[in-house]
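Here it is: the structure, laid out below.
Each chain carries a letter (A, B, C and D) given by its place in the written order, and its residues are counted from 1.
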Amino acid sequence: MENAPHILVESLSVSVGSTPIVSDISFALPRGQVLALIGESGSGKSTTALALMGWCRHGGRIASGTIRVGGMAIDRKSEDELAALRGRYISYIAQSAAAAFNPSRRIMAQVIEPALIHRIMTRQQAEAKAVDLFRALALPDAETIGDRYPHQVSGGQLQRLMAAMALITDPELVILDEPTTALDVTTQVEVLKCFKTALASVDHGRGATAIYVSHDLAVVAQMADRIAVLHKGRLVEEGPAEQILRAPQDAYTQSLVNAPRPVPAAPSAADAAPVLSVQGLTAGYGKVTDGQPAIPVLRDISFDLPAGGTLGIIGESGSGKSTLARVIAGLLPAAQGQVLLDGAPLPPTLEARSLDQFRAVQLVFQNADTALNPAHSVRRILARPLRHYHGLRGAAADRRVAELLDLTRLPADVIDRPVTKLSGGQKQRVNLARALAAEPRILLCDEVTSALDTVVGAAILSLIEDLRRDLGLATVFISHDIHAVASLCEKVLVLYGGTPVELASREAFNGPEHHPYTRLLLDSLPTMDPSWLGATPAPIHRGEKQAGLCPFLPRCDVAIAGICDHQPAPPKTGDGMRWLCHRGPIKHDKESA
Amino acid sequence: MKQFASLWAKAPAANRIAAAFVGFWLLLALAGPWLAPHPVGAFVDEDVFSGLSARFWLGSDYLGRDVLSRLLYGTRYTVVLGLGAALLASLCGTSIALAASLCGGRVDEVISRLMDTLISIPSKILALVLVAACGSSLPLLLLICALTYVPGNFRIARALAMNLAALDFVAAARARGEGKWAIAWHEVLPNMVHPLLADLGLRFVFVVLLLSGLSFLGLGVQPPYADLGSLVRENISGLTEGAPAILAPALAIALLTVGTNLLIDAMKPEGQ
Amino acid sequence: MVGGMSGSHRQQSLWPLLLRRIGSALVTLIMVSVVIFALAGLLPGDAAQEALGQSATPEQVAALRHEMGLDQPAPVRYAQWLAGMARADAGQSLVAGMPVAEIIAERLPNTLMLAGMTAALAVPLALAMGITAAIRRGSWIDRAINLASLSMVALPEFLVATLGVLLFCVKLMWLPSLAMVSAEATWSETLRSCALPILSLTVVVVAQMARMTRAAIADQLDRPYVEMARLKGASLSRVVLGHVLPNCLGPIVNAMALSLSYLMGGAIIVETIFNFPGLASLMVNAVTSRDMPLLQACAMIFCSAYLLLMLAADMVALIANPRLRAQ
Amino acid sequence: MMDFSRRSLLAGMGAGLMPATAWGAALPKRGGSIRVATQSSSTADTLDPAKGALSTDYVRHFMLYSGLTRIGHDMIAHPALAERIESADRATWHITLRKGVHFHQGGELTSADVVFSLLRHKDPKLGSKMASIAAQFTQVRADGRYGVVIALSGPNADLPAMLAQSHFLILRKGTAKPDGNGTGPFKLAEFKPGIRTVAVRNPDYWVSGKPYLDRIELIAIPDEVSRINALLAGDVQLINAVAPQSTKRVESSPAHVIATTPSALYSNLISRMDRLPSGNPDFIAAMKHLVDRPLIKRALFRGFATIGNDQPIPPFHPYYNPHIPQTTLDLDRARWHINRSGLRGVRLPIYAGPAVEGAVDMASVLQEYGARVGLDLAITRVPADGYWSTHWMRHPLSFGSTNPRPTADLVFSLFYKSDAAWNETGWKNPRFDQLLMAARGEVDENRRRAMYHEMQAIVHDQCGSIIPVFISLIDGLDRRLKGMNPHPMGGLMGYQFAENVWWAA
């Protein structure tokens, strides 16, 4: 029994109606090992993983093939029998804990539910065990966190709470579906560490068998014993992690392993007068009292952007990256400071801006799914700004639309398709094309790649880069993808909690010296090296941040006692960079890739 | 129309039947009066509540009038008033809702109060007063029915608009410098169409119900004409002997309303 | 399901809202009274004429008008009425010659009882229908419920009611055909005599509520947390009852409140058919006899009933949703 | 009818009070309780006879109070609380009250009560329905404990009949707000306006042996179908205003029966004679020939009606003039008159509404035939609510409805006298007015009858009041309810069934 594979999948096909989603998938996994399913979205990796629970989304069904988990023939079981397995022997950790937790029920109730459904413990036992798991998962105040509602805890914590929910029944098999994709790199480190230990501890230390679904090879490298690569619903390669990472056989796998890096951008005329300059910008939500909003989001931001220049803005979620874009675009009036377009101040509110000012500044939204009106066709979406800004109609408009499609490398035949029928990449291109339709001076790109697969994302980035070069657009790049920013942008602005902690030229940023927070970000980027996770220290949390002091203080591991916790961090300038810290720039251990 | 044709092509049988029904009723509403074998008010039968016969296909009513003829006229009234009022209500409700959701603040507050006022006056009593004051006429009936169902539509439309207004593509339009109404028209409204259609179907049913309610209170379509509800009402005493005079209109109402709603359900795109 | 730490959130957020709502409720009430007053102004004739009827002589009318204070200009009369209301005095009925409060007191309990009992029957029924339909989305049961509810709404209520009477009262003689509620009647008697009115009203309101329930639930069924719960091994019904319902309580309760508010003023037809001494027929009566104080009183009651229901609905929605509560 | 000598009084008793027809065959039986449903009731329900407006009020008042006289089945007034009522000149009347009659709440009936009850109608504030008639009372004074003297502005032989109306029922002296304290067959137990009236047997009612029932609950069911259902379901034992279409249903029930009362109730088309074109005699003549009376009787009233002849006195009335030729549907003559009137093709609106029974249908019948003779009648339908105050008599062509009145004189003087408040057609006919006055004072019965015959002829020939049919009143009752004896003054035995019926179960 032990040496027999714990999981055995043979020529599995799942299809919705007659169209196959995945076909002819086969793999085996010994007990206690972790198999990673790698692939782009739509490659069928989640479908395959869920099939192991006998679950198919959107009215799909297991068309053919066999699935064995332990002794159990999943493909033969009835709905009731499957229900008896799910959450008991096989449990699931979903991608977005925020969405997968029921917003209106307390966390504890949801965490222990599997144990209660399958009647394997009493409520008290279950709750006790849950609290133990909370501790094991390094969750703060483990005793009380269960009394909260999902919206009252952070994303990283929720993800770990979901792990507790999955492990409460000591399952034989845990399925992790992109469990850290939605998290910041820093949080990802903690969560990965927790998962690793937790999984290992299951089944009296023998460790649970696990399926880890992800698109990020680096992450997978840390977790998996074996890797299966899926592409367009087919299994292209499967084998030990080492082998797949070191010597991938299949061409597609190779393309994944040495993922395309955006080419370093050509420098723009650096001395050109700033087309956009932001001066002492403070903004936030709620009532503004003498320049301070009730809920401040951004504090004292300043930077210049020359025509055709690029500025990258990085930081964790909640650092105010997107808010900055919204302020520049006029969606959120600034409380203090001003935004200058060609040296002339931009009115803070939309109402006060002129058509030309609107046209000059174009915002490309993060999520193309919500940024494009689902009721419209591509043509209508692109024609709208053409008519609005340039009064183009009929044939003229159509011609321009065609040009835009061509410019953004979209096939001409999408023109009359409803956007809901486009792929993620295509949507993002339309999203981009809409901004370009205005023929803007400044392009604000807000996390334009975050919703996309690496390959597609890279393509979009290089597209933007080309456009920048060809059209001389000044671009502001908001992204959590530090690599991309580092290579694309001439200047990089690092935000922490709305405060600009570092503003560096590309050279300086790619150099070794950084603000401690920047350094933390860089260190948190996983690498292909399987030992990376073990080597990286878990981020620290020390109390709450206090007004007036360095906002990063609670998480800073190089803080100087007696100084950092007494005076506000002073702004300093060095060659090619400006930062906010008592210390000089900190060298960070690894070279930034 | 093209859209409809494609819908027809891929609609399941049930939905085609629904569509066929509605088409049938619309046809009757249009052609009814010409098809009617007897004048709507003429006392053509010596007997009352007579059964199906060659001369009176659907028998005669409580005054010995030809049921078929009255049914044909009644259909016209019900369809015109019902759909008319429902459409009117949705039109007003939705435009007001859009205004409220886009202007927000004071305007929204005031409008909402007005709607509360309207909705909390029992419609039949409103009808009673208006009819007593202005005398019963088709436009008035139309107005009353519409007025009654504006608030309901407003609530739904407003909720929809509010949700949509929070989405990025609306923000995008604002950042583009589009005006309120352009946004309402180009961005918000297109995404409200289908839920509003479903609502329209339900409103239609309610208007039909309200109409028959009004006829019960003697406020509805005035004799000798009658909407389907009034036909049921005036022949109610024939219920004991199960006279076609009452069964026919009752059945007609059920088929008409159910058909309409099935059709509307069918018109939803796969997305929703 | 509420308590512990979130209790405090509730305290903080409910009171101001409550006060705001009461404020706007007052505004609405005043608006309604103005509208009613204006509308009634459109009516031909006045209380004096209607009271004296066909055989009135001009002197009589004049005298009676003066008696009723109808010879004063409308704004004055409205002001007087408003002042009275401020003192919680609904005034004297013009035709019955007794305090409006007394007349209302006679009927309000009946109406409330009828509405209450109907709600007690209709709400669970609607929930059951809606939930079943939602769980069996797309199945024949779903379609059947959909059709049934539609035709339920469409068929004139008087037809439904009359059918009931013919069957249960005339043919089978099980139930009385009149809803003669009286103080001395025992509960069981009252229930028997109100059975048919309740049934008829239920038929009218249940459909809308059921449809809304179904819609609200169906809208949630595609959410990730539902899939998550299913992948914990929970049955669909457990998921719907335990996970989905709390999340769509808001819209459901709202729809219910809307439908139930119909039970007050909308019961006119049922009241007529079963000779039920309720408020709706009283209001009609007040219109035909031009009895302004009575008319206003009824309007006020219906309006406040509606507002209260809405308020209650919002409160429930608030309590059901921890996120809203926290704000 | 000469002055009330004892003989005539006894005769009166006979004709008036003895159950005559099949209904009364069985012997009266005491006890039992019934529920009665009329068609109309509202918060305006009153205990004040003077304000009685609806059938429910009349029934209630006749249960609680008694009048000085009452109309018999012979349409003639017979003494009630008045033992004798005499007059030499028809202008001054001497009433002698019955002795030993007591009010429910104690106290014997005296002349003071009668004087009070009659004089209060002259106070406009009271809003009495009989104000116009009371105006004829120049003086009402007590003449001893049991004597009352009424002086009239002019002679009126019909005073006894007029006093028989429910509005003139007798109250206790000084009653500001009537509370049911009368001398009637039943005492008030419960009264809720618009909801119900409950009355219990008055043990010391002045008519010995009556009433028979212990208890009567009086409610109203406005909806006709519900009213029938309530009867058939056994929830009520007696209802009025059964629609002709519903008689089948009642008759088909073994336990129930209908009671039909041919009455003087009529719905008439009013053609204003003081306006044009409705005043044009040819137009009126044409209209009278356009009325298909048999059709109206058959289709609208399923035969429950008596063909009318455009004058308000029904065939079964003592003063009916049988010699007037019946006007019938005659399109040729109608066409001839229309052409003479020059109204061919002129659009004439007729105001009709549910307030007047059958009005809308009658109008559409007229419309149909009118079209055939080149008359363009346009039916304007108006709601029942407010009809009497806004439409009745206000347009050249509208519909009116007249309830049975106890005497020919009342009908004529209320609706046809030139200066009458509701001279519907607004006609002025000196000869008619003169006859009306003369008839009031006329002593010789034959001459008087002759005068009434001539008045009917004049109205028939010249008045714009078009009366197609007299509508019969239909009650429905439980077979076990005995003693119901249709009364031409109205349904429910002229609203006076209470003391006459008994429960045979």
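Everything below uses one rule, namely that a contact is a pair of C-beta atoms (placed from the backbone, for glycine too) under 8 Å apart; a residue touches a chain by one contact, two chains touch by 3 or more.
The shown structure was predicted, so the numbers you read here are calculated from the model rather than taken from an experiment.
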Selected interface, B-C versus A-B, where C-beta contact pairs are more numerous: B-C
Chain centre separation in whole Å, for subunit B relative to subunit A (CA means): 49
CA centroid of subunit B to CA centroid of subunit C, Å: 22
Separation of subunit A from subunit D, taking each centre as the mean of its C-alpha atoms, in whole Å: 90
Separation of subunit B from subunit D, taking each centre as the mean of its C-alpha atoms, in whole Å: 45
Junction residues of subunit C - those touching two or more other chains: 43-44, 162, 166, 170, 272, 287-288
Shared-contact residues (touching 2 or more other chains) in subunit D: 225, 385-386
Chains that touch, pairwise: A-B, A-C, B-C, B-D, C-D
Complex contact set, residues of subunit D against subunit C: 37, 42-45, 51, 53, 124-125, 127-129, 131-132, 177, 192-196, 219-223, 225-226, 229-230, 232-236, 385-386, 388-390, 392, 421-422
List of subunit A residues in touch with subunit B within their complex: 326, 329-331, 350, 353, 355, 358-359, 362-363, 365-367, 370-376, 384-385, 388, 420, 434, 438
Residues of subunit B touching subunit A in the complex: 167-169, 171-178, 182, 186-187, 190-191, 193, 271
Contact footprint of subunit A on subunit C as seen in their complex: 1, 4-6, 223-225, 227-235, 238, 242-243, 246-247, 320-323, 326
Complex contacts: residues of subunit C adjacent to subunit B: 24, 27-28, 31-32, 35-36, 39-40, 42-44, 143, 146-147, 150-151, 153-159, 162-163, 166, 170, 204, 208, 211, 258, 261, 264-266, 268-269, 272, 280, 283-284, 287-288, 299, 302-303, 305-307, 310
